[in-house]
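In the two complexes that follow, chain A is the common piece, with chain B as its partner first and chain C second.
Let's look at the complex of A and B:
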């Protein structure tokens, strides 16, 4: 029986690869957009404009204080009531970007704050403007502290993207749910699902560890 | 060149600068000393607005710091600043530290900037370390790179905030030598330091501060041999005894 299911499962491989591609697309696009958003918001939060800072705190705290599942429900089921109708794919990208952006913002703001204030002062004293100070002096140093948790955040993002299956997108997780209805060998089906996630995440975990070690070797 | 007019500054409730009137003429070297917490570092940091002031005015090279029309970034480019902790950019070589501002602010081309950078590093005596990173340099070498960086914008004024306090004793002189050279070349300088030998040699104007006020000013010889104020005398006897 088991080998029968196994051969059925191997027949389903193309279906799994399609799911893998969907997961890859969704997490990849939101990862890029979320990174851009997170850096913009993180840098803005390091600025001294008070009202802007408070607005950003509200955004970040809201995103971090509510489950992603609830957020995607709001985007996909509640926003249409207010006339904002998004198809499943853009809704997933939109919500996942906002979600990742909030966490990345925290990481970026933390990295910027970890750079010694004397660095900014030195750059200021030589006449560099705000943008130049950020671009040439602060960010290159902040990046060293930002990279390990940033890549770690990418891993979380890829795993959290499994939640988009609830709005009908056929990512790896949903492929698993659909397949297990035909092949009632859960451990085998979801074992494969797990392996596929792991095969994307593990290289990133290694990369994050490598950044971490490099950071420590340079004396933090 | 630098003029303080009735300058007041508070950190919260703490009145760190109280009615400061102070003047450095072009080509002069002013040395500011005083016990820690007296406001001397704050005073010098106000000159290029690393610290804002709450009342009074500071005029630097004809530009008022409180005038809204003053372009503060441009003013800072005219004033070199050397920090106690060097504050070199750790991710750049000595040469890159020196030429960052000329490249980005003055939009100098790379060759010209390199030439300028090497010339300045030679001036402070470490041309051979141009491609070393700050972590590979001794404290004295780092501070000399920092001086070269301060000079890179061809400033009219150089400010030094306790430039030798973070150095091991054997490295102090190499930094003071560079500063002496600058002073003899006629650079306008304001220096916060306790290096009294240096002060006696190059200062035109001594300033003693305590508790946010300027207690005494005068020419160095007068200042050392016949200080007028009791507090100045006490302070000098403490630092000159070691």
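Let's look at the complex of A and C:
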């Protein structure tokens, strides 16, 4: 029986690869958009503009304080009630971007605050404007603190993208869920799904560790 | 858009929401206890310095950290029965949650243990303390202080992750809103209300962490 199921599973490998491609697309797009959003919002939060900071606190806390599952339900089921109809794919991208953006915002704001204030003051004294200070003085130094957790956040994003399977997107997780209805060997089917995720996430974790070691060695 | 918001329905279903909140709380509590247990064991194995013990611990930690919880959940939910193990949905859910958080807890503990200067351990060895005594009298009292805030952070993640248990039909907070949505078709009332409850849990844990950090600075000063 087991070998029968195994051959059935190897037959559905193309189906799994399609799912893998979907996971790549969803997490890739929201990774890029989330990074852009996170950097914008993070820089805004590190600035001293009070009302802006409070609004961003509300956004970040909502995203960090509620499960992503609830957030995707809100985007997918509630926005249509308010007249915004999103198909599953854009809904997934939209919610994942907002979600990742909040975490990246915290990482970026933390990195900027870790840069010594004297650096900004010196840059001001040299006559650099706000943009130049950020671009040439603060950011290059902040990147050292930002990079390792940022890559770690990408791993979390790819893993959390598995949750979009609940709104019917056929990513790897949903492919596994559909396959297990046909091949009732959960260990085999979700073992394969797990291996696929592992092959994406583990190299990224190693990359994050490497960044951390390398940047620490530089800083010390 | 708030004019369409039906507070009466929320009130009607408040009992269900509170039941869900209670279920989320105790599922997370048991999950946390399990995660701590697994985390301590995995951490001790990993830092033992013996390949035979550390290799399986490393494999466990890396496997868990590189795969989504949802996949782990389905792995056990669909996989355990074919091994002849019959767990209820609650047991499967809490089991997966504990194994998942255990890997992160173990890494947090390891960071705490490694924050202690090697000289202290050597001094302990010189005093003739054995491994357990060194752990009990030198490492743990110092490591616990620094590990509490990241552990509370992981607890926040665990509470949020417990929402995924609703997908294997465990009754908890998110499930309560799914029930409301399917009975009355009012997703806004359901999902926004549970979001508020999750935020409540989040702020409790977050302020606990903040309080501990202030307390810690106070103690050290």
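Definition applied: the second predicted complex is superposed on the first by the 219 of 220 C-alpha atoms of A that agree within 3 Å, B and C clash if a C-alpha of one lies under 4 Å from a C-alpha of the other, contacts with A are read in each partner's own complex, and residues count from 1 in each chain.
Note that in this section a contact is a pair of C-beta atoms (placed from the backbone, for glycine too) under 8 Å apart; a residue touches a chain by one contact, two chains touch by 3 or more.
Everything quoted here is computed from the prediction, not taken from an experiment.
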{"item": "Superposition on chain A - do chain B and chain C clash or fit", "value": "fit"}
{"item": "Computed vertex angle (chain A) for partners chain B and chain C, CA, steps of 10°", "value": "100"}
{"item": "First (chain B), second (chain C), both or neither touched by A:140", "value": "first"}
{"item": "First, second, both or neither for A:7, with chain B first and chain C second", "value": "neither"}
{"item": "Chain B versus chain C as contact partner of A:127, first or second or both or neither", "value": "first"}
{"item": "Of chain B and chain C, the chain that contacts the larger number of chain A residues", "value": "C"}
{"item": "Closest Cα approach, chain C to chain B, once both complexes are overlaid on chain A (Å)", "value": "23"}
{"item": "Complex contact set, residues of chain A against chain C", "value": "61-62, 64-71, 73-74, 77-78, 81-82, 155, 159-163, 165-166, 173, 176-177, 180, 184-187, 189-191, 193-194, 197-198, 201-202, 205"}
{"item": "Touching residues (chain side chain B, partner chain A) in the complex", "value": "48, 50, 73-74, 76-77, 79-81, 83, 85, 87-91, 100-101, 104-105, 146, 149-150, 152-153"}
{"item": "Partner chain B, residues of chain A touching it in the complex", "value": "116, 118-119, 121-129, 132, 136-137, 140-141"}
{"item": "Touching residues (chain side chain C, partner chain A) in the complex", "value": "1, 4, 62-63, 65-72, 74-83, 156, 160-161, 163-164, 166-167, 174, 177, 181, 187-188, 191-192, 194-195, 198-199, 202-203, 206"}
